[in-house]
Every structure is written in C-alpha cells, then in structure tokens.
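In what follows, chain A forms one complex with chain B and a second complex with chain C.
Let's turn to the complex of A and B:
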C-alpha cells in the first residue's frame, strides 16, 4: 500500500493505492494519525487506486472512521471500484461508513 | 518445558552476560594456556577448562561441553583443524570456536573457517582483542539460544492452542449423526493459516427435523483472530431460542460482538437452517462470500451479503429462503479460497469458482470435496494458506 495526502482548506483527501492488507498496519497508522491530528474536519479516503482489500484492510477503514468520529470529523470513502467495491457491497460497509 | 543445563537466564528480558561462560582453552604449550587463562581471569571469567592437545580437547569437550573454545592450530595427536572438524561434524555442536592464528598464515586462516571456526584471534595473544572477540561470540551464541528457546516455547503453546481450537469443531461422525436423520449430508474442511485461525464453523440441531449450519470468518488471522473465534464459539452455543430465526440470530451475535471486539475487528457470517420436511434452507448472511448452489447443470448464487458483524450497536439482517431439491449441493467457503493478494489478477470471480466447485464435486470420491476443490484451484494441496480457509458442502438427500 502507498498513499498520498492532499490538504485543501478544511478537507483532507488521502489516496490509497495498491493492496490494503494485514501487512499495512504500520503504514496505515500514519494515515490514522493524519486524520486524528490534522486540522481538517472533512476527510476523504479515495480508494480508486486500491486494487484489493482484505478483512484487516476493512478493519483499518473502520479504525480511521472511528478516529474521525471521535475527533468530531466526517469521513467518507470515494472511488470504490473493482474488488474493493465487491467486498464493500458484500459486507455492507456503507451502513457503517458513508460512501460517495 | 525441559530443564536447561546451561547457566543461562530464561528471562527473555535479562541482559546477556558473558563472564560466567565456560571456556575451554586448548594449547599444547603450558605457557600459552597459562597466558590465555590469566588474561581471561583478569577480564572476569572464572569458569575455565584446559586441554593439552586435540584428543584431550575432544575428551574434555564431551565430558563437559563448554560455551566457547579457544583453539591452537599446531598440536600433537590432533591439530586444531581436526578438533574443529570433529566438533562441527561428529559432535554436531555449534559452540563458538576461536582459532589462534598468526597474521602471516594466510592459507591457515581460510582453512580455519572452512573447518567451521567462528572467528580468529591473533597469535601471539593480544589480551584486549581476545576478550572482546570472546565476549562477542558468547553473547551472540546466547542471544541465539534465547531466541531458539523462545521460538520453541511459542511453537509448543501455539500447537496446544491449535489442538484446543480443532477440538471445538465437530468430527465427520458427529456431523453425520446430526445431519443424516435430518435429510442431508455435510462435509466440513478447515485449514488455519498460522496454526491458529479466525474461521469458525458449527452445526447443531434445531429440532428433530432441522439443523443449523453456520460459518464465521473473523477479521485478521493468527492469535488475536483465534482468541476471538473462541469467544464467538461460546456465544453461538449460548443462544438457544433464536436459532430458528437466522436474521435475528445473526443480529444477536453481531450486537454481542460489538461490545466484545475492538473497533477494527469484525466477523463475516452465514447462518442457515435446513428443514428436511420441505427441503428448504432459510438463511441470513453478514458479508459471507457468495454461497453457491449446484443443481445438475444449473448453478445458483445465493445472497450472502449483509453488514459485517460487530461494527454497529444494532445490526439488522434479512432472512432469505431457498427451496432445495434432492441432489442439490450447497457450497460455503471463506474468502481465502478465491482471493490472491500476492497477485490480485489471479483472484477468482464467482463464475470461475463455480467451474472449480463442479470439478471438486466430480472428484470428491478420492479425498473429499474440499481437497478436490483446492487442488483444482491451486493445482496442488498446500501445507498452509495465507489466510484461514473453511469449506462446507451440504448435500440434500
């Protein structure tokens, strides 16, 4: 997994590329820190370039969402496609995290 | 755990000490032995042993194995190379061996390493160098010993936990006893990725006509997922009243998991009830990989979707129903069967999976459905999987 972060006014957009799995716990933690400590209150996780996601990857999205909620920030997912879209559709993640 | 004869602390956090190491000093010259001995004593070493030639060295070694050997090359009866060779190849010891060698003896230095020496120390002896190298090798050896003991202990513990986990799962005989009188046959297969897994399946009687079949896949794998699987197993066996209502049953489990699991953990799930009176399956899914029903030439994809369990304080599920027929084969599986994270392009879609399931059904007489299915997909049967794998087959009689 690789990511880039764009800060624009009150919005933070994190673009996640590659495969998001159990092995990415360490790197994903820095994304969670960005969300928790940054000044922005509108967070977007862009998954357009995320090829695959496993259960631990879904868990990281849940963790990011939870951190954002605790800081009274809004988080949503975007660019959901391919394998990631299938997993999210099957597991109804949209009932937990808003998807645009 | 076995007793450890060496005076090494078993506390993994204790600092590694070198001074109590048993040092075997091998030299045919009494003056050299005494010099090395006095250098080591001055550095705080107290556990010293001496040998006067190669044969004596091997005898002393076998009598009381040292932690480190300081070895001369040129000696009567057997030289240092011979001793080194014997220690490594006959006594099969990986004790550190430091060979004394003069700087001008280039070929000897290479040969010393070929025979298995750990390091060289210059001759005539340089006191500071000898002590430094000795300590380095003793500490290194003890660090490796400590890691090996730790690894061994962890393996034993994981193995014990694995046995506990396997004992939760019904045996083929228990399954047959449950399902045959209720008009079906169920075959179950489970392979954990790291000995311990976060997949769980279970089957139980609802009444004399019906049985429930469930499958969970807890997020992650390894020890944490396994501990959660144990807790989940306790939960699923405690709800007796909701067993006739799949959606309500999954919701109850999910709500309990919500208070039990950390925010990033969850479970996918499937719970179905087979009723022999009308050969129906009522079921509910919580992010379960698409269950596949094979009916002759037809393949029907069931809907296993539903919000993953343990993420919301109050989850809702939908009970679905499908009419089954004699000879129908229902296949449930965890995502490890079709996902390939090393090479995403190799991941299988449902259509591909259906082809493999058909092959698995055709060849199941050999070593079972799961074996044939996995071989069809991977071309072989793996010793382990990157993620926990569960496969269930329900055949309607």
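Let's turn to the complex of A and C:
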C-alpha cells in the first residue's frame, strides 16, 4: 500500500493505492495518526487506486472511522469500484461510513 | 263386426275365443311390450353403471384436485423445528448466515488491528522505559564513581573523615542495589517486549492462515453471495413456474370434475325415458288384458271406450296421458302440460 495526503483548508484527502491488507497495518497507522492529530475535520479516503482490500483492510477503515468520530471529525470514502466495492457491499461498510 | 262374428273356437280353458286379428294384435303388443320392458331394464342397468362410473370419476377427479392443492401448498415449504420454512426463503437464510460470518470476521479484523496498534504503542512505551533504564544506569555509574572518590577523600582526611567514610560506603551500597534493580527492570521489559512481539507474530500467523483459506480477503464470501443470489432468483423463478403449472392443473382437474357432474346430471334423461316407456308398457298391458279377457268387446264402442279409459287411468305421467287422450278423442284437462312439470314427473336423481 502507498498513500499520499492532500491538505486543503479544513479537508484532508488521503489517496490510497495498491492493496490494503493486514501487512499494511503499520503504514496505515500513519494515516490514522494524520486523521487523529491533523487539524482538518473533513477526512476523505480516496480508494480509486486501491486494487484490492481484505477484511483487515476493512477493519483498518473502520478503525480510522472510529478515530475520526472520537475526534469529532467526519470521514467518508470515495472512488469505490471493482473488488473494493464488492467487499464494501458485502461487509455493509457503506452503512457505517458514508460513500461519496 | 264381421270379424267378431267369425270368432273361432278357442281351446283354452275358460277363456273367451279370440279372432285372428285379436291374436295378431295380442302377439304384437305382448312382443313389443316385452322388448320395451327388456330395453328399459337394459338402458336402466347401463345408465346406472355409467352413472356409477362417472360418479367414481368425479370422486377421483376431486381427490386429484385435493392432492394437487395439497401439493401446491407443500411444495413451497418444509417443516422444520415445529414450523414451516419457506423454501424460497432458504437462500435468504443462508445469505443472512453468510453476512453474520462476514460481520464477525470484520469485527475480529478490526479488533486484531486495534490490538496490534495498542501493542505497538506499548512497545514504544517499553522502548522509552528501556531508554530511562539506560539513563538510570549511566547516572548510577557516576554515583558509584562519586562514592568511590568520596571514600578516597574520607580516608585521606583521617579521623575527621570517618563519618563521611560511612556515608560514602552507604552510597556505594545503594548504587549496587540500583544496579541490581535496573538489571531486573531490563530483564522484565525484555520479557514483556518478547511476549508482545510473540502476540503480534501470533496474530500475523492467524491472519496468514485465514488468508490462505480465503476467509480474510472475503473472495469466498463474495463468490458465495453471488451464487446465493443467482440460486435465490432461480428458485423463485422455478417456484413461480411450478405454482403456475400446478395451479393450471388444479383448475383443469376442477373443470373435469364439474364437467363430469354435468354429464351425470345430463344422464337423468334415462329416468324420464324409463317413466315414459313404463307408461307405454302399462298402456300396452291394458290393451293386452282387454284383448285377453274381452276380445268379444273389440268391436263394441262402449267396450272400446272402457278400454280407452282404462288405458288413460293406467298412465300417471301427465304428458303421456294427454297424448293418449288426444289420440282417443278424449281431451285431458290438465293444468301443467309441460314435459317436465307435474308431481308425477318427480325424477329421482342418481
């Protein structure tokens, strides 16, 4: 997994590319820290370049959402397609995290 | 009258001699009567047989309709645990089970990652703790060096430094205890660090094993869900088709039963035919009796009128009686002349 972060005013957009699996939990911790410690209150995780995600990846998204909620921030997902969309639909993550 | 006058002698005991015409008529009427009676019996027998067959057919058709209706109600569900489970709902139940399993996997995944994050933080704190221990050990080394220097200086001061000698010795002792304590702390933190790394490694191994069986990347669940949806649609479609076919079959069976009932009803013509034939037979019997016992009155108007009246009296079926009455020139006064009217037309249903 690779990621880039764009800060724009009150919005933080994190673009995640590659695969998001258990092995990426260390790098994803950096994203969680960005969400928790950054000043932005509108967080977007862009998954347009994410080719594959496993249940640990979904777990990390849910963790990021929990962390944002704890800091009174709003998190949403975007660019959900292909395998990622199927997993998100199956796991009903779309009922927990808004998808734009 | 001439024929009557030429009556031949009869050999029958006690009987009135009959003319050839009377014998001819008598033979004809008796033969016709016999044939009519036999025909009536035959028709009645066959009609009853047909009626019984049709009634049996109706019952079979009704049973078939009931069985089809039962089949329609049974085919869509099975009994389970004291209740009825709709077969169409079965894939939905499986899908719900799959969703529950997926949900639990996600909860475990989230908790697993969360646990690892917490353990990582603990490891960072342990690293900090180990840095502190290193710092304490460095300070302690300096303290021990100071106490050693103090002991040297106290020795050089002689008796005046005796008290200071005791203090520096205690400081040296304390320094050794701090060394022992820091060594113990370092050992404990090493054990905790190793344990935490073992836990993380164990979690990683669990993930890898689950990944190998396809549980973690959810590929199997996605495939199973898609197959279940296809299966569900196929089942619903097939169920609708079966219900439709069975419904049509039930309707057809019901129509057959209704039509057979109509056939049975229509066969009641036999009863009416029997009553009319019986009326004719009785009329023939009157003529036969007359010819048998009063052949001498055949040429007598009064005798013929008596015969006509006897014939009419023997007929209970009003329309038949009216027919005979009109032919005899005796107009029958009847309030109901329709073939199916009158109390004497009370047809017994099969």
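Note that in this section the second predicted complex is superposed on the first by the 100 of 100 C-alpha atoms of A that agree within 3 Å, B and C clash if a C-alpha of one lies under 4 Å from a C-alpha of the other, contacts with A are read in each partner's own complex, and residues count from 1 in each chain.
Criterion: a residue touches a chain if its C-beta (ideal position, glycine included) is under 8 Å from a C-beta of that chain, and two chains touch if they have at least 3 such contacts.
Here the structure is a predicted model, which is why all the values come from computation and not from measurement.
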Are chain B and chain C a fit on chain A, or do they clash, once the structures share the same frame? clash
Output check: A:1 vs chain B and chain C. Expected answer is one of first, second, both, neither. What do you get? neither
In the overlaid three-chain picture, which partner chain does A:56 touch, first (chain B) or second (chain C), both, or neither? both
Which holds for A:92: it touches chain B only (first), chain C only (second), both, or neither? both
Quick one: is A:68 in contact with chain B, with chain C, with both, or with neither? Answer first, second, both or neither. neither
Quick one: classify A:22 as touching chain B (first), chain C (second), both or neither. both
Is A:31 touching the first partner chain B, the second partner chain C, both, or neither of them? neither
By the touch definition at the top of the document, which applies to A:43: first (chain B), second (chain C), both, or neither? neither
Would you indicate which of the stretches 117-125, 315-323 or 369-377 belonging to chain B has clashing C-alpha atoms with chain C? 315-323
From the superposed pair, tell me which chain A residues show up as contacts to chain B and also as contacts to chain C. 21-22, 52, 54-56, 58-60, 62-63, 90-93
Within their complex, state which residues of chain B touch chain A. 217-221, 263-266, 268, 286-290, 304-308, 311-312, 315, 335, 339, 341, 344, 347, 387
Using the touch definition from the top, list the residues of chain A that touch chain B in their complex. 19, 21-22, 51-52, 54-56, 58-60, 62-63, 66, 83, 89-93, 95-96
Which of the residues in chain A come into contact with chain C in the complex? 21-22, 25-26, 29, 32, 52, 54-56, 58-60, 62-63, 86-87, 90-93
Could you please specify the touching residues of chain C with respect to chain A in the complex? 99, 102-103, 105-106, 108-114, 116-117, 120, 204, 207-208, 211, 215-218, 221-222, 225
